[in-house]
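Every chain is named by a letter (A, B, C and D) in the order it is written, and numbering of its residues begins at 1.
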């Protein structure tokens, strides 16, 4: 009933779990090393069956997604896809999409991927992330994919990718490793 | 004439430096641990004396800075400040500035801080960054500050902060540790 | 009584704080940008006045510090120093100290720096860290310094440096940005 | 003939590539999102057919691997496995393997994975890494796996995992995202 990083609320116990409990704690570990396309749907059991509508409502409140022109596509347990198209208003000095915009989209994808597994009365916040930029964000369409690697009571670790579609060809332009936290509403 | 991470161009030598050279290589190390305000101006010697106008021209080409409403303030050797004001169009679901927008601004500040120390005929690209979000990006004004920690021939390590000004009070909302690379024009 | 990332235990409240509370939450922010040597002693108020002996006892249980030959030097509120000397048994293929050993020492320094501000009945765990290696770990002595940047109820953000002393000269060889969590004993 | 991050030596061109070339540059991208076990063997073509013996010789020079008791298992193009067993001398204060030791092993695995694709006359250095710790490093055996995500002329991005084997059960205890650089011998 607890993960390695503190106990989730709704009961009278202190939030800090004992170190002893930590050894038993990680229930659902999904790694990016043996992670096939559809597999993630089976590996995570959302506790809030209404997760999709909860997340779509939250996404619609992210005003910044409107100026990016981002659309929320797939919302699955532990995995979320967001897409946007090239616009000159999003570019850096070489005419490619700015690293921060790439990051915005994959951060939202990772955050909502984490949120699919969180309880109904909760919010997700980003503690931190790291992004590697692997090639220039050149293309006409961009897909941000967030996936849960490890889902805990409080802390969720996510992996994300941004894929550029350029003249029909897909290329990974960035990869993220992120830490999310579950907070009460 | 070389740093630890490859030799910068303009000559006929291979770009990879020897491991032996690495021991001698780091000329200007500036750390975020003993870094007072104006000190950075003395610690770095730009090789391109026109660095400021070069960077201001590049910043003006970053279209995304226009939708953020960001202004390039200070441009000093190894340190750059960028500012923007709260706009609802930049928010996430709780009404605070989206993490990705915070990241956009401090990434540009770090990239241009690195660029102040690069040669005239060069461009800076972000290899990767990590950002920790320390409190919600709540405020009416936000300042992104990028500083060079270690300036090498090819690789520059930067540290950045985003400070929110909320009812006259300053608070750090995010901190970045980034790796930049110098590429030819 | 709560930070942005969950409430610390010892009471009957749920661990997840409200998003509203987050705006009020960050009490002591210390940044690596304006951080002078002795200043940190004044900026943080430890809740456990016995923090030093608690940390020294814990350090002595870190068996790995013995094979590194690491000594715990300063233990101050929000700042910890650990030192070790060059040994051939700690090297990588070029004869410098292995990145992972550098990381071990600065991780312990950051973890214990976070721990100085945690309650008596608690343990610190590393959620994640990022390390940039700025020059080869060449020298006869190495100092790992961990400092708290932001101290919250559950989550603490730390910054660390490793300094090599080579023929009397100091050089920063690595810098860390880390996220620590407070768990119950 | 060039990647996004500078041109590799052996010719008379400057090491910095043009920004234009960057668009064409990334040859082999392998992502951690659709990465099946044996697949990596086909996806990367090593330029040095002697990569395995080159890497085994280098690994034997990493003195620190001896005190960890680490063995180099698989060495494949773009993927390297290193294993070690629990020893009390490697533990932190709770009796689990110290985060820095976990990091040492997966850093070496990632570095050598990058090195498999580098030319014969080269060395690999770690620019930086981030590690997320997902559960306590509890077990009797530990496997560090490093994989190349993106192989460029100078810069290689790797992903790594550490798997604990505890009473016959495997669990991921840590995941790494790392940036490596190719330097001349």
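The rule is simple: a contact is a pair of C-beta atoms (placed from the backbone, for glycine too) under 8 Å apart; a residue touches a chain by one contact, two chains touch by 3 or more.
Quick caveat, the model's predicted, so the values are computed rather than measured.
By the document's definition of touch, common neighbours of chain A and chain B comprise C, D. Chain C has its Cα centroid 25 Å from the Cα centroid of chain B. Averaged Cα coordinates give chain A a centre that lies 28 Å from the centre of chain C. In chain D, the residues that reach two or more other chains under the touch definition are 4, 19, 22, 94, 123, 125, 127-128, 130, 132, 157, 179. The touch graph of the protein chains shown is complete.
Looking at the complex, you find that chain A touches chain C at residues 4-19, 22, 122-123, 125, 127-128, 130, 154-155, 157, 179, 181-185. Residue ranges of chain A in contact with chain D, taken from their complex: 4, 19, 22-23, 25-26, 29, 31-37, 94, 130, 132, 134-136, 138, 145, 147, 149-150, 157, 159, 161, 171-172, 175, 177, 179. The part of chain D that touches chain C in the complex is made up of residues 58-59, 61-64, 66-67, 88-94, 98-101, 103-105, 107-108, 123, 125-133.
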